[in-house]
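After this come two complexes, each holding chain A, first together with chain B and then together with chain C.
This part shows the complex of A and B:
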């Protein structure tokens, strides 16, 4: 297990380094120059000003040196300072990270709570109206872009029913109820898409399990169809579903980009997007590193859980 | 439960769903190609006296925040959506398929190394990488196509690699190799024809991902620069006026949703009819 753990940790660190290299390359090698972008058209046209700014930001050093120093910075928790506010990027990341994780956790819960029953209904009702309806809901959820479901949710629940706030954020400590009320719509918007994914996986897995001999045996010994499916087929069918939910949970992070923009949710992704528009490249770099780190850590946690539960994965992965 | 429903026992004919999807996509494609002829008005013509109108006689689908006709903008938006998605998928195939086949013929060391790198790229959350690239390279059709194409080529490389390995291990291919068949011959006569159905399914799903990606980036304001209309960008702009009139934002939302749904329904149908042995 220790060897497996070590192997996964090294792999995670490598992935993160490679991801950072991609970000670094995008910032420094693509045509748009961070300094001219920052200074704007007029000031950016003056080579002297540009050069001064370069030196001040440390951009005059060789690329490889900059890359190495940013990498050591990340390892020690130093993500640089914002060009706009002068605040350390790391502090902002720490404040915003839990908010994005909260959105993901909310979306994941909704996806699982709705998606698994939907998948069961689709598998059990094959060839009947209930099954078709469940499959249609699943593929519709899976096809709805996050911002389309988000906009529709706002129209229905804020505009028509006037039940929930259409956007915004309140700290949990200030007003717990309002905090949760603000969370419901964005979390649902993220969850609906993933619900479709979960439902489709549950259906496929359960449909397959329902043909297995032990399920037929359960029916033969007199168990009702309902009981055979619920107590014998379902637990086994859910094993691969849980694995895949774990593997794809990181993709919910991608949904937060749109949802945080749509609902003014002050998380990591909105930090990235506003930094992109402000050309604040240390913040772009820092928030991306944090996002990739979350992504890699989710993957790592899942690998470790799997290794603990199922010894076979340790051998194949190592 | 005597006739146990097997996951692959029902091989679907072209049911009602896929048929509707084909018709709908055909309409979208025609709208994209003949936008100039079909569009009732100029998609860029501003009319300050008629902003945020609901669907009606004057403007069939209503108007946006500058009084531009939504039907015209949706028709021209179809062009952007399809052009970006289709070109990106073609680019991803053009890079991914030869790479995957090539790697499968390179021997174990190269294989292990290349697939590791590709796995890392597949595992990165695409939208974040796209945001960085577009932020620095600037939006626009070409940048969007190249960015999305580059983000999705590893998926094709993976599929092509897997298929090549399994096809090459089949007995009749092994015997052809032992009789002296060259690599080019094997690739052309055995591997490519056998790969088509799996690639077609992958392409259909990638097409819907690429559409989603373009719409999402344009929604954020990082995709196609205005005034060129794109569905995602229209939704991103109109969402700010929901409390004045919700209709205008609903229209492009439904069109985009229906398009992605149709592509996915067709993808499912392709999957079930071309590769019944595979589970989705």
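This part shows the complex of A and C:
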């Protein structure tokens, strides 16, 4: 297991470096100049002022030099300083990343809590009303894009029923209840969308495993239908579902942009978008490196999870 | 004197009536309540608190609350003392400011004349990137006493006070700045509020300054800024009472919010939309072509479609009708007249029109809607506009590199003083003219004369000539005023919504005298 992990980590580091090179090239190819954006309409067009600011921010160095210093910085944990605020990007990432992860964790939890039972119901009720109903609910979930389900949630729970805040964020330490109240709607928006995927995947996988021989053997040995599905069919059915969740969860990190904008949730995605518009290169690079790192870690976690759920993975990998 | 019953009763009645009226008016005018928190949601994500570098409208409100310039504006738009308690102008090029005694910065350091000199010189230093650097070019500052500062300009400048009243001319502490703090995320001013917490682009928390130099102010204990870029999220936050006040009410929501029972919407023109020409490039260097554009635009349609009726057309110069410099006879210069536009194009040598690339900012619906209507209008006179949607960074880049034909640009009014024309159209202004090398010598002379004339009546005459010249040469096409609205719930009191150049600052100017009922 340890050697397996070691290999994965080295591969991850190489992927990260390559990804960073692509990102660096891409953002410097974008038209638009961060210094002009910083200085605004008036000062930004005065060449003398622009040049002085460029030197001050280190943007006048040749690109290769900037790339090299950024890369070595990342290796030592120094993600540079934001061009707009002058504060270390690392601090910003450390503050903002957990907020996005919280949204994803909340969304995933809701998706799994709702999606797996829905999937089970759909599989067990195949061909009957209960199965079709469960399927329809699942499809409705992922058919509506997250900004549609998000807006509907705001209208129903915030504007009409006045149960939950329509947007905003409070630190958990300052007001735990309010923090959770602000988390519910955005997490649900993400969750409903993802629930459909989980449900469909569970249904398909379970429908397949339920016909396997070992399930029939379990029934023949005297287990109730319920117990056979729960203890024998379901764990095997969940293996591909976990894989799918893992793959999609990583992409959720980039996809929280819309939810964060809609619900004014100050996470990593909204910081990234705002940095792109302002051409704040260090923040763009730093945020993307953080996202890649999370992706890689999620991939590792999924592999470990699979190892735990399915003993066969452990044996073949080792 | 003989006692006259009728007269006695009559006078008694009058006195009693006056008494009742006075009492009821006092009751109708609730006295400001001390304390309370205002929750204010803004569209601008303020990323830097450097008081000399403008970042957006919410930035202006924050800086106005935390810092003080030498002079400022009151809720009626008049220039009033701030750090300077009085000033005199011994000659047209000199102003001597006498500073208030006992003013301290939020960290306790007393304010001295040295701080004023330091602040103005920081603005003039190219390294700072200060917004007012060109406005204050040629200014020299000297300390002539422990509380007196002499400001001298290279030439007489009637607009000097209006520039020094802007929040971008904030006075900072020399001792504090020399200590090397990150001015973008920390603040130390003399304003009515102290910065308590700040997360760039997310939120800011201000607390009352107990040592503010105007006794009795501010009324509020705390002001919480939440930066909510999404229009719908911001409006919903007000609707669900998560915030008390919002800025930049989307035009589509102005009327619907007005109808909500406990919400007040104040709206007035604060910016104006224009077509900018690359006026040194063919065919836009021909006045007739520019004038043809001006006649071809249906401004009413734009006001209705893009601004939901909240965008008064500008058919003359962009001066508000209540300004002392308003010229009524110029107000209808460019009424919608496609036939005349065609004739002008033909005279300029383009009887069949021409094609061009129309640069449009993609981020706001008002820009794209305006562009589409303009495109349709121009098609009617034979000109084919190909719309190119760009991001703001890209737009600025192309403007500064003179790499464009025509663009839609929204201009927020910069100064209450008509010297703003020098900023908009002056040849040395990096705003529009310098990047493309535009220079109109007649206009330059008039602008220079207007700036150095101090007498109001003489200035009116000169600026009328300026406006006539701008109409004749049409370097920009003025389209319409953009109403900028703020909305708040009916617990918020003391807010005065100003129009024109002070529109952006309205919340900042009112904040020391706002309270929560």
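Rule of thumb we're sticking to: the second predicted complex is superposed on the first by the 251 of 318 C-alpha atoms of A that agree within 3 Å, B and C clash if a C-alpha of one lies under 4 Å from a C-alpha of the other, contacts with A are read in each partner's own complex, and residues count from 1 in each chain.
Note that in this section contacts are C-beta pairs under 8 Å (C-beta built on N, C-alpha and C of every residue); 3 or more make two chains touch, one makes a residue touch a chain.
As the structure is a prediction and not an experimental result, all values here were calculated from the model.
Asks: Does the superposition put A:177 against chain B (first), chain C (second), both, or neither?
Replies: After superposition on chain A, A:177 lies in contact with neither partner.
Asks: By the touch definition at the top of the document, which applies to A:148: first (chain B), second (chain C), both, or neither?
Replies: first
Asks: Look at A:251 in the shared chain and tell me whether it touches chain B only, chain C only, both, or neither; answer first, second, both or neither.
Replies: Once the two structures are laid over each other on A, A:251 reaches chain B alone.
Asks: Check the contacts made with chain A and report whether chain B or chain C touches more of its residues.
Replies: Partner with more touched residues of chain A: B.
Asks: Pick one for A:162: touches chain B only (first), chain C only (second), both, or neither.
Replies: Second partner only.
Asks: According to the stated criteria, A:139 is in contact with first (chain B), second (chain C), both, or neither; which is it?
Replies: first
Asks: Is A:216 in contact with chain B, with chain C, with both, or with neither (first, second, both, neither)?
Replies: first
Asks: Counting only touches as set out at the top, which of chain B and chain C does A:263 meet: first, second, both, neither?
Replies: Touch partner of A:263: chain C, not chain B.
Asks: Classify the contacts of A:48 with the two partner chains as first (chain B alone), second (chain C alone), both, or neither.
Replies: second
Asks: Check chain A for residues that touch chain B in one structure and chain C in the other, and list them.
Replies: 30-32, 34, 37, 151, 154, 159, 166, 261-262, 277
Asks: Can you tell me which positions in chain A touch chain C when the two form their complex?
Replies: For chain A paired with chain C, touching residues are 30-34, 36-46, 48-49, 52-53, 56, 82, 84-87, 92, 95, 151, 154, 158-159, 162, 165-169, 261-264, 266, 271, 274, 277-279.
Asks: Which bits of chain A are touching chain B when the two form their complex?
Replies: 14-15, 18-19, 22-23, 26-27, 30-32, 34, 37, 126-127, 136, 139-140, 142-148, 151-152, 154-155, 159, 166, 200, 204, 207-208, 210-211, 215-216, 219, 225, 228, 250-251, 253-254, 257-258, 261-262, 272-273, 276-277, 284, 288, 291-292, 295, 299
Asks: What part of chain B is in contact with chain A in the complex they form?
Replies: Touching chain A from chain B are residues 1, 4-7, 10, 17, 117, 120, 123-129, 131-133, 135-138, 208, 212, 215-216, 219-222, 232, 235-236, 239, 242-243, 246, 249-250, 253, 256-257, 260-261, 263-265, 268, 279-280.
Asks: Under the definition above, what is the set of chain C residues touching chain A in their complex?
Replies: Touch residues, chain C against chain A: 45, 47-48, 53-55, 126-127, 129-131, 133-134, 182, 184-185, 199-203, 226, 228-230, 232-233, 236-237, 239-240, 242, 391-394, 396-400, 423, 429-431, 434-435.
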